[in-house]
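Next come two complexes built around chain A: one with chain B, the other with chain C.
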Partner chain A sequence: MASHIRTSLMLLGVRNACAIANTERCISGVLIPVRHLSRMRTRTGNKGGFWIDRLAPPLFDRTAIERKLDENPDSRFDKVAPARIFQSSSAFSDPLVTKFTNMMMLEGMKDKAEEMMGRALKAVKTIQLDRYHAADESTKPTIILNPIKIFHKAVENCKPVLALAPLKRGGVTYQVPVSILEKKAEWTSMKWLILAGRDHDQKTDKFRNALARELIAASNNEGKVIKRKFDLHKQCEANKAYAHYRWSK
Partner chain B sequence: MLSLRLEEQISRLISVPGARRAACQLWKTASGPRSFATETAAAGSVNDSPKAIDPKVKVNKAMRAYLERAQAHNMFMKQQTSEFEIGRRHLANMMGEDPETFTQEDIDRSIQYLLPSNLFQRSSRPIMRPPEEVFPQQKEAQFGLDGRPFHPLFYTGKPNYYQILHDIRDWTLQLNVLEDERVRKGRAPPDKKLNLSGTQWMTKDELATLLVEKMTPHMYRRFILSMERLLLHPYVYRVEEFVRKYRKALIEEVIEIQAPALKKDEAGRSYTEAYANRKTCHAWVTLKDGTGKVDINGQDILFFPRASDRLQIMFPLQLLDRMFQFDISAKVEYGGYSGKSGAIREALTKCLTAFVSKEEVEILRHAGLLTHDKRVKERKKVGFRGARAKPTWRKR
Partner chain C sequence: MPSSIFSHCRQVGRLRKLCSTAIRPPHGPVSRPFSMTAAMQQKPQQMLRSQRVIASELVQKAEEKSEPSSSSAASTSEEVPMELPRVQARRTSQQNPADHTMDVEGFFYTVPPAVVEPLFGWTRPVSNTRGAAGATDMRSRTLQYLHEQGLTLREYALMIRQPALEVMDYIKKSDLSLPAVRYVLYGRHGSGKTASLAHILHFFAANDWLIVHMPRVTYYNRHYKEVADSTFHPGRIDLPVCSVEWLQHFLSQNSAILKDPSRKLLTHKTYVWSKREETPAGSPLLDIVELGIKRGRYANDAIGVLMRELKLLAPETGQKVGVVVDVVNALFSPTLIPRVNKTTVPAEVLSLYCHFRSIVRNDWTNGAIVTSVDRRNVTGEVHDHDGGGNYLPRYLLRGPGWEWMDPCIPVHVKDYQDKELTNCLDYYMETRWLQHENAGTQKGRDELKFVSGMNPGVLRSLVSRL
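Now for the complex of A and B:
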């Protein structure tokens, strides 16, 4: 019997509690050694980081909070991190828009960045409304009028799938295609959108209008940023012969 | 703290034949196999201290040294206690209060008043605590008159700690035998589960205090891991008592939140007042039953030019869907707009807790509105450009 083997093993060789702790009990009763104790992390220890990160993250939706309390009654004992100054339960607060605003902010001028973002979204709305009124009845339902929705769609469409990383092999630097994390892809997408917005005629045009045009174009899979994404993908395709440099020398 | 009771009995045994066996017996019956140090009676009289050892009786050197050490320690603690008592009465007289009813809280308050300290580290500020808290506890005698240790794990240096690990092992083996028996008989695994909800493992320091042994992080991790492994056993509910010995009950966070008093104004409308601070700002908020009027330093909500700040003010009310049920009036001082809105938000949430149910307070808490944001600007350091940034390094 498997559990009999386990008991006799313990009696034979494994004499202290530490060694018992180092063996995983599984349903079949077979002993599976696990990694050494000192390398293991427990639930209680090794929680590093800033004090806010060690607390439970706050939630901003009443139904989500109620669901959490139902599913995990022990969360009543959790200490909750304070809601940050940019987080709110309001319909007007959007984490992605906040992130985008912070990214395009210059020299800590947040009020100005917020104003520019608001004006850009307003410009999107204006352009879409003009389009809506000019369109014939059959195409009207396909036009999105919510600028936040357009913004989300644009960021989603501009996310690259791969990235190029410079790796030095044999004295030569190769541009090696590497996979990209979701968070990094989102960052790249937003960075490109901001750069496309800044790339306009300084005398006649404004950032808000350029950004609005770019957002609408990107939400339809067109425009400079989408072209930039495809260029990157093409470059990755061309350099795929170097892909093995990621794991070989 | 050394147990006077045990010492007394041991010193009484000095002239009795077979002292070690008797002492061993005493250890096992009175204090259990791994007696944790017990606290001394607060102010023991002189008669309580160990008697001088009769020079004719043969006593092991280790025991003799221990008894001398214990006597010295007790004398020291007695002196400290009497000094503390005199100091406490003196402090009460200085503060013009009654020495008989002068509690530890009064002492802390007086020390803070008389010796105000601006040091960031709280542990570096002046204190006056009873000597039992200031000087660490010491273990009772771990060996008999002949110098033989009572505990088989004495030479590990941490007998109490290793005893727990051995206990875990013993329980695991016993439960395994039980499980094997049940499996042989073809019984289904038990439905009973050990419910440890609302408790958590003792912290490292708590465990160290309980065992009166120094505890390294590695030792604590090993303890937790072994315990967690025991919890995976299907029959662990049988050793509930053993497991619970090392778990501490948690207190619901929402119980500790104290709502401000609900008052009534001349018109009969109920209102509450609260104070909060954030960064360098201070906010005093009054929340009154009303229709959603806002008054911040004499202005309406447009006191805040940024929309995000205005969202912050309305966040608690908006979350509970009570936007137009209250009038807000706030006074804010110092700092910038972010600090001001944060301070008002916290004070307003405190006010709101008096008006809403316990469940809604819990919702406010889970939205992170009742946790004080204690972050402040880090001070500039001498020789640095800021808090952390160093000047550019130049080679001569």
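Now for the complex of A and C:
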């Protein structure tokens, strides 16, 4: 029973599933849920770093858990950190897709956002398959059909390398080109893609179709979002003279 | 040659990627150089059938040292996506459903393209947007997912499953001189009732049956388009536009039979439509259909005449008549069509439903009636309080429907078996609809199997994004 629950939780990608799987082995056959976070904080206190750093990282692969236990049988007594919301044991989960889904979610409607993301990926696949069947034999192998790969490529292509920061110097606000962190660039790229998807004819078109078209275009370095990125880069180039304001008072 | 050596490495690398999840021992990544043949000898049973096929192919290719021309082209561009394992779904070449037996259960067969259009009416492109052309077309609503899939995958393939085989077997063995037998397909939502009906529909079409096909009764709850009072039967409600559409559907399914004078499908009495329009006795049935299509005002009455004549003609002329009605329980449930006094039209008053209720009666011979019951979009208070689980015919038909449909043969459409699910995933991979790298691994397949609960509809929606 316990193993069945564990399997089902793991397969469904439920949060803490593997943490449960780890602690479950403490007492054979008895399922012990991971303690509540606030409880954990009280127990560990604030000595010796942040509490979560002193916990074992959660594992998401059954073989990895078994390997760890074989190597160190005492590790079954480890306190395991709770899994993050984007971490999943599913074979089909993708952290970036999850992040994107969360970003496009409105008013907490996660089910709706996931459905829309799924439909957009389906639309990507449909468009690419149409191209695939229309193409001649020599170009067929070059067409990417996997929608997740296209999504990753699109996000990668849309990342800006610079950003403009409004800095006030001498009573005047300048748009100063600044370097951008990898994480921020990724966020910007995804935000632009979402905005491009929302920018469609409300009567005749759908978000999923607009997003799918934009993803495919961006994966080929074309489209509205890529243009937006180039526009930003151009503006940064034009404001090159202000760059030193970043360091001066 | 360096290029051929490179191609060899690349192929083995791809092979390793393919087999890594299936063959890798439980204790982490392999430290020693990967040995394909040794791994296969150790645990061949853990590999998927498809992977075994491709593995053996690749080993052969690697040994033969494939031509450098292809490999050099591939090695220069980084854009070439990694190919998925080339899987072959199990198919049968028998295109007549009458030839299908339990031996080919779980196999796919392709509906011939020449049959697809007249039978299912999938002519228009599917539109994902509301209100656009095609979205409210009755005919494209028949198995819409198959329509979409067919357009995308360039073929219309149906899986041969036990319920359809069972019904077709019963029909082949039954004595048609006795009153028409009614079959009621029931099962969970998404278990394949409509797909089974499509298979049976093709069985009728391929074996010279005249088809009376109602794609989905609940369609008229939303898409009634135009409502008129009946002139023939005061108090009844007509749906002129919908009835014309249905008659066109009927004509396209049966044009060969209706236009064949040797069948002697002639009317029994004179039908007077108005002061100036009448159809004399002895005129072909096609005249009734064409009159209904041309004169929308009489389309509902034309359907009524058609049903009456078919019941009489089936035993007289020997023309077998196959009736297929999807969601037959909606014929006994209230509709959502509004009336002036802010009530909705009950099913007893809608003349289209009346005519279809009359044809699913077993008061005629030389025919078969195959129906399904479903709970989706069917109105009625009973569906709001049952927790959503009951799909049995007695429950969904309720009192009046059950009295009308009794006696009938219930046929349970179950969810996939293991072999059906595997073949379905193989089919999706073969047609490149399933693209995820993990779809070919045991872990991925186990997950799809578990999360879908073996339900075909849920599996389809899961796979659509992968």
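Going forward, the second predicted complex is superposed on the first by the 170 of 249 C-alpha atoms of A that agree within 3 Å, B and C clash if a C-alpha of one lies under 4 Å from a C-alpha of the other, contacts with A are read in each partner's own complex, and residues count from 1 in each chain.
Here is the rule we use: contacts are C-beta pairs under 8 Å (C-beta built on N, C-alpha and C of every residue); 3 or more make two chains touch, one makes a residue touch a chain.
Worth saying up front: this structure is predicted, and the values here are computed from it rather than measured.
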item	value
Touching partner for A:Leu59 - first (chain B), second (chain C), both, neither	first
Touched partner set for A:Ser248, first chain B, second chain C, both or neither	neither
Touching partner for A:Gln202 - first (chain B), second (chain C), both, neither	neither
Touched partner set for A:Phe92, first chain B, second chain C, both or neither	both
More chain A residues in contact [chain B versus chain C]	B
Chain B versus chain C as contact partner of A:Ala81, first or second or both or neither	first
Footprint overlap on chain A, comparing chain B with chain C	7, 11, 66, 90, 92, 118
Residues of chain A touching chain B in the complex	1, 3-4, 6-7, 10-11, 16-18, 20-21, 25, 37-38, 40, 42-45, 52, 55-60, 62, 65-66, 68-69, 73-83, 85-90, 92-93, 110-111, 114, 118
In the complex, chain B residues that touch chain A	165-166, 168-169, 172-173, 176-177, 179-180, 183-184, 197-198, 200-201, 217-218, 220-222, 224-226, 228-229, 232-233, 250-254, 305-308, 311-312, 314-315, 318-320, 338, 341-342, 362-363, 365-373, 375
Chain C partner contacts - residues on chain A that touch it in the complex	7-8, 11-12, 63-64, 66-67, 70, 90-92, 117-119, 121-123, 125-126, 129-130, 132-133, 141-149, 203-206, 208-209
Complex contact set, residues of chain C against chain A	26-28, 74, 77, 79-81, 83, 128-129, 131-132, 148, 152-154, 432-433, 435-438, 441, 443-444, 446-447, 450-451, 461, 464-466
